[in-house]
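Got some structures for you, see below.
Next come two complexes, and both contain subunit A; in the first it sits with subunit B, in the second with subunit C.
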Partner chain A sequence: MLTYIVRRLLIIVPMAIGISFLVYLALDLSPGDAVSRMLSPERTVDPAKLAELRKALGLDAPLLVRFWIWFSGVLQGNFGRTLTGGVPISRILMERLPATLELSVIALVLSSIFGAILGTISALRRRGTTTDNVLTVAGMIGVSIPEFFFGLVAIVVFALNLQWLPVGGRLLPSYTSYWDHIPNLVMPALVLSIMMTAGVMRYARSAMLDALSREFIKTARSKGLPEWRVNLLHGFRVALTPVIVLIGFRLPILIGGSVIVEQVFQWPGLGSLFVMAVRNKDLPVVMTIALLTVILVLVVSLIVDILTAIIDPRVRLGN
Partner chain B sequence: MALSDIARHRSYLDRRFDRIRALEEAGQLKTPSGSRVVRKFMNNRLAVIGLVVFTIILLASIFAPLLTPWDPTKINLRAISQPPSWEHWFGTDKTGRDVFSRVLYGGRVSILVGLGSALISAAIGVIIGCYAGYVGGWLDAIMMRISEAIMAFPEIILVLMLVSILGQSLVNIMAIFILGGWCGIYRLVRARMLSLREEEYVQALRSFGLNRALISFKHMLPNALGPVMVNITLSTAAFILQEAGLSFLGLGVPLAIPTWGNILNVAQDLNVLQNSWWLWLPVGTVISLFVLSVNFIGDGLRDATDPTQQG
Partner chain C sequence: MTTSDVALSVKNLKTFFYTNNRCNKAVNGVSFEIRRGKTLCVVGESGSGKSVTAASIMQLLPTLSRIEDGEIIYHSERGDIRIDTLPRNGSRMRSIRGSEISMIFQDPMTALNPVFTVGFQIIENLYYHTAMRGRQLKDKAIDLLRAMGIPLPERRVDQFPHQYSGGMRQRAMIAMAMACNPKILIADEPTTALDVTIQAQIFDLMSTLRREHGTAILLITHDMGVVAELADDVAVMYMGNIVEAGTVEDVLRHPTHPYTRALLDSIPVLGRGRNQSVRAIPGATPDPLNRPVGCQFADRCTHRIDRCDRMPEETQMTATHRVMCWRHEELANAPR
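Coming up: the complex of A and B.
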């Protein structure tokens, strides 16, 4: 097990460093540097003083040295400052992070539960039955409709016409306790989980069908076990492994989806910050968020790998 | 139970079988013609419906000038924000442009971006995957690392990041989609090549002294084309959704060019959402229908080309 983890780390750590280097390269090649960002464009400053300042900040060092300075800063949580406003990026990130975490964790949990249950039902009903067909087509529709269109329809129906839920936003000044913003959370969380539920459902269905066709299911039946025991304790457990893998690998889709969904519902998370930064051409913010998501994805894929290795011994014994 | 009882209780399948046998004995049974993939595809009802919807929307976009007299970009200040009428089927927008013609002409760009990027990225992925997968070596190792790095990014994050570096234009958007899209097909073809490489027919070809390019492209590639076609349809659907999402945010194709996403861009305004449903509901429905039809086609292709499901 330990050698397996080390082997995975040997792949992931160099990749994270490589991607950070690419990100730094893009930052470095973009016009302007830390010194020109510190000064307002209207002021004229003596070029000799500028050069001195650059030297003091280490900006005249070779590329690799500069990368190392930046990278060690990133490791300590120092991402530099935004172009618009000059606020430390880490501070904005910490302000926005809870909103995104709240939204995506809820969507992840909801879609995993619903997807696994619906997929299992679909598989147990066998191919060609009405339930199976309806669920398959519904899943197809779920992945085909753009998330923001779902969001718009939901806003029009539930917020503007029925007025059950607020249009958007998260924490309003009038809210006094945590629970006050639950109505704001309902629509974004549900819309965000629709696409992933459909994906998990399709995958859970085929994993379950695959598991049910195995020999050990026949053995379990021939032992005279009740049907629910065969399906849930013998079939579902085996089908669970690929589904966990899928849920892990769906995380990028969830992050991607949250970018647009946060924008539709004016949810003040990292996604809407990202869109704002792209609009303002605020490259340091764009790159920091991109880098952090990649690292998050890599870490999650490592966790998924370890989990599957724990559940399924064939993974760690094989290559 | 007597034998005659069993014979009387014939199931639906038995009766169908009897009918087929009767036809066969009368010599009227048509022998199946055409490729098995095509036959299986045409038997899949949802896939055929998908193909029909796809064709209708595609043809309507291509022949847009024949279907609508309106210019999608011409501003008409005397017909601002009109609801649908016989003259303007989907109404007009804030600057008096006809929404129906914008949907048709927008389809041209959206489909071009979706299908074009999918086809080009598939071509790149197939060429690299086929050769690198068969030959292996340093080229394959480098390509693997690059594709892993690209695939570590969530798609929309990668796309938006590149948009902020490269800027917005139709060509840039397609280039960005292709850059993010070739990896999937590359890895798929590569994996197929790795397993095909050990097949006996490939070893035989190798012993005949055929060169690598001929073996990999002419003899091995056709065995990997099924999943590639499925993947092309899936990435077409994904690219069209992404283009719509990007343009909805105002970060995709420049707003001057009508695309499905750009038409939806106005729906960020709550006032439009509530009062001018014709500006966003028809377009959103068309996008959803188109993507749904592409997905149905892809699903049909998957069933038709997957040899483990031959029937």
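Coming up: the complex of A and C.
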């Protein structure tokens, strides 16, 4: 098991390099660069000056050289500075990362718990009952309506009309303690978890139905076990494996979703930073976020594999 | 036969399935008795209602089916219990399941939960039906595995089903079923999924348990060889009815119902050579949702007469031997 984990961790390195390079390449192929974005389209600027600026920012070197300069910096723990403003990226990350993690982790926990519970309830109420029908329709709505729509509706209803919750933002200057921003957190966290809750629920329902139709459920009943034990121990335990795998694979989607939700609620996290950086062609920032995401996804998939092996004895790691 | 010899009586049991507003009379008026410490074999082809009969006794029927009529009476030491009137998963039914009547299934691969150790699954049974707790439970589980002939039970007890071979899984399954020393063991084709060499071992184990613990066995099978080997009593089922029943002598030596005869004729006999005529039963079983009105076997029967358009009555030929055929008298006197 340990050798397996070490091997998987080592695989992360080439994967991260490869994927970062692809992202770098894609950004390089798109028209324009950071300098052209800084300019106002109305004014004509001396091309010599532009070239000078490009040189100062290191944009004149060939692609591979630029990638290497950036990457060797990262290896030394130096993520560079933003092209627009020259702020050290590590400092921006320190500000932004907690905001995104806060949102994603809460959404992940909420959607895993509620998704699994609702899916199980839906499966245990037999097909055709009102509970099952309502949950099935709700699940369908949840996975098919995009997050920004839920976000906007939530803002209109709860922030503008009812005025229960703030429209957006995270830490306002007037806040004195950490707990003051909880009202700001409610809407983005819930909206972000809607789609995933629905996804987990639908999956948990079918995994549970599958588990309950298996022969060992009949065996468990034939032993005279109470129904809760038959369903929740024998059924749910077996249904849990595919659900955990799904949750793991959904995590990248959750991060992708947070880009949109952060925009909608003006949440100062990595998502809104990412959108801004792409617009400004701020390559070092985009690359850093991409690299973080890649590593996160790879680490999560490793954790999922380890968890499945712990939960399901049939899965053996390694071979 | 006095009632004290009987462990379980089934009287005129009817279990129907309802799918798409149509009714499948899977078990349509079946009566039999399981004698204490004896083996009753129920034979018949797929779809004859054998397994549904067994599931009815355990009240382990699928959601869309129910016991429509009849009685299932368990003659326990504390008096008779009408099983068919108990709520399906209620506490009284649960206290019988696994402790007084237990069941083993066809495929031990799927019948054991893959994510729990074999020991855990045996202990569960003990925990809910005995006063044993803690270390006692595990020791008992190890003893049970040892009694079932599983080598190194101390180590095996902590292993998962996928670490067992097919035959050992069925032994573990039997250990689980026998944990609380039940009065009746229902075995639903327990060796169909196993190798032939393992089959004999499993049946040996079952007869040993029956002798040592006086457990009555209801064995569902379609293997006439197994019937000849193990049965004390035999019931032959066809399309939801018991067409012939009696002691193993009655049914195998003096088969009367044309279906029983056809079943016995369709078995190749060792030593008769390659050219022996194995007579397969002509035709196929009727559509269960669209059954004939009269004798269910009439369409395939070589002895068919006009009267067969009506359902034949059950006739007691001797004290133990009964048959459901209009022409039983002629047939009983006619040699096979």
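Keep this in mind: the second predicted complex is superposed on the first by the 249 of 319 C-alpha atoms of A that agree within 3 Å, B and C clash if a C-alpha of one lies under 4 Å from a C-alpha of the other, contacts with A are read in each partner's own complex, and residues count from 1 in each chain.
Convention: a contact is a pair of C-beta atoms (placed from the backbone, for glycine too) under 8 Å apart; a residue touches a chain by one contact, two chains touch by 3 or more.
Keep in mind that what you see is a predicted model, and the values were worked out from it rather than measured.
Colleague: State whether A:223 touches subunit B only (first), subunit C only (second), both chains, or neither.
Modeller: Touch partner of A:223: subunit C, not subunit B.
Colleague: Please work out whether A:137 is in contact with subunit B alone, subunit C alone, both, or neither, and reply first, second, both or neither.
Modeller: Once the two structures are laid over each other on A, A:137 reaches subunit B alone.
Colleague: Looking at A:232, would you say it contacts subunit B, subunit C, both, or neither? Reply first, second, both or neither.
Modeller: A:232: touches no partner chain.
Colleague: Which partner chains sit in contact with A:275 here, subunit B, subunit C, both or neither? Use first/second/both/neither.
Modeller: Touch status of A:275: first partner only.
Colleague: Check whether A:50 is in contact with subunit B, with subunit C, with both or with neither, and answer first, second, both or neither.
Modeller: In the superposition, A:50 contacts neither subunit B nor subunit C.
Colleague: After lining up the shared chain so the two structures overlap, which partner does A:149 touch, if you call subunit B first and subunit C second: first, second, both or neither?
Modeller: A:149 sits against subunit B, while subunit C stays out of touch.
Colleague: Mind working out whether A:87 is in touch with subunit B, subunit C, both or neither, as first, second, both or neither?
Modeller: After superposing on A, A:87 lies clear of both subunit B and subunit C.
Colleague: So which one touches more of the residues on subunit A, subunit B or subunit C?
Modeller: The larger set of subunit A residues in touch belongs to B.
Colleague: For A:19, is the partner it touches subunit B (first), subunit C (second), both, or none of the two (neither)?
Modeller: first
Colleague: Report for A:311: first if it touches subunit B alone, second if subunit C alone, otherwise both or neither.
Modeller: Only subunit C is touched by A:311; subunit B is not.
Colleague: Across the complex, what residues on subunit C touch subunit A?
Modeller: 58, 60, 63, 89, 93-99, 102-103, 105, 107, 110-116, 124-125, 128-129, 160, 162, 173, 176-177
Colleague: Give every residue of subunit A touching subunit C within the complex, in rising order.
Modeller: Touch residues, subunit A against subunit C: 126, 214-216, 218-227, 229, 234, 237-238, 241, 311-314.
Colleague: Name, in rising order, each residue of subunit A that touches subunit B in their complex.
Modeller: Touching subunit B: residues 15, 18-19, 22, 26, 30, 137, 140-141, 143-149, 152-153, 155-156, 160, 167, 251-253, 255-257, 259-260, 263, 274-275, 277-279, 281, 283, 286-287, 289-290, 293-294, 297-298 of subunit A.
Colleague: Can you check the complex and tell me which residues of subunit B touch subunit A?
Modeller: Residue list for subunit B touching subunit A: 46, 145, 148-149, 152-158, 160-161, 163-165, 237, 241, 244-245, 248-251, 264, 267, 270, 273-274, 277, 280, 284, 287-288, 291-292, 295-296, 299.
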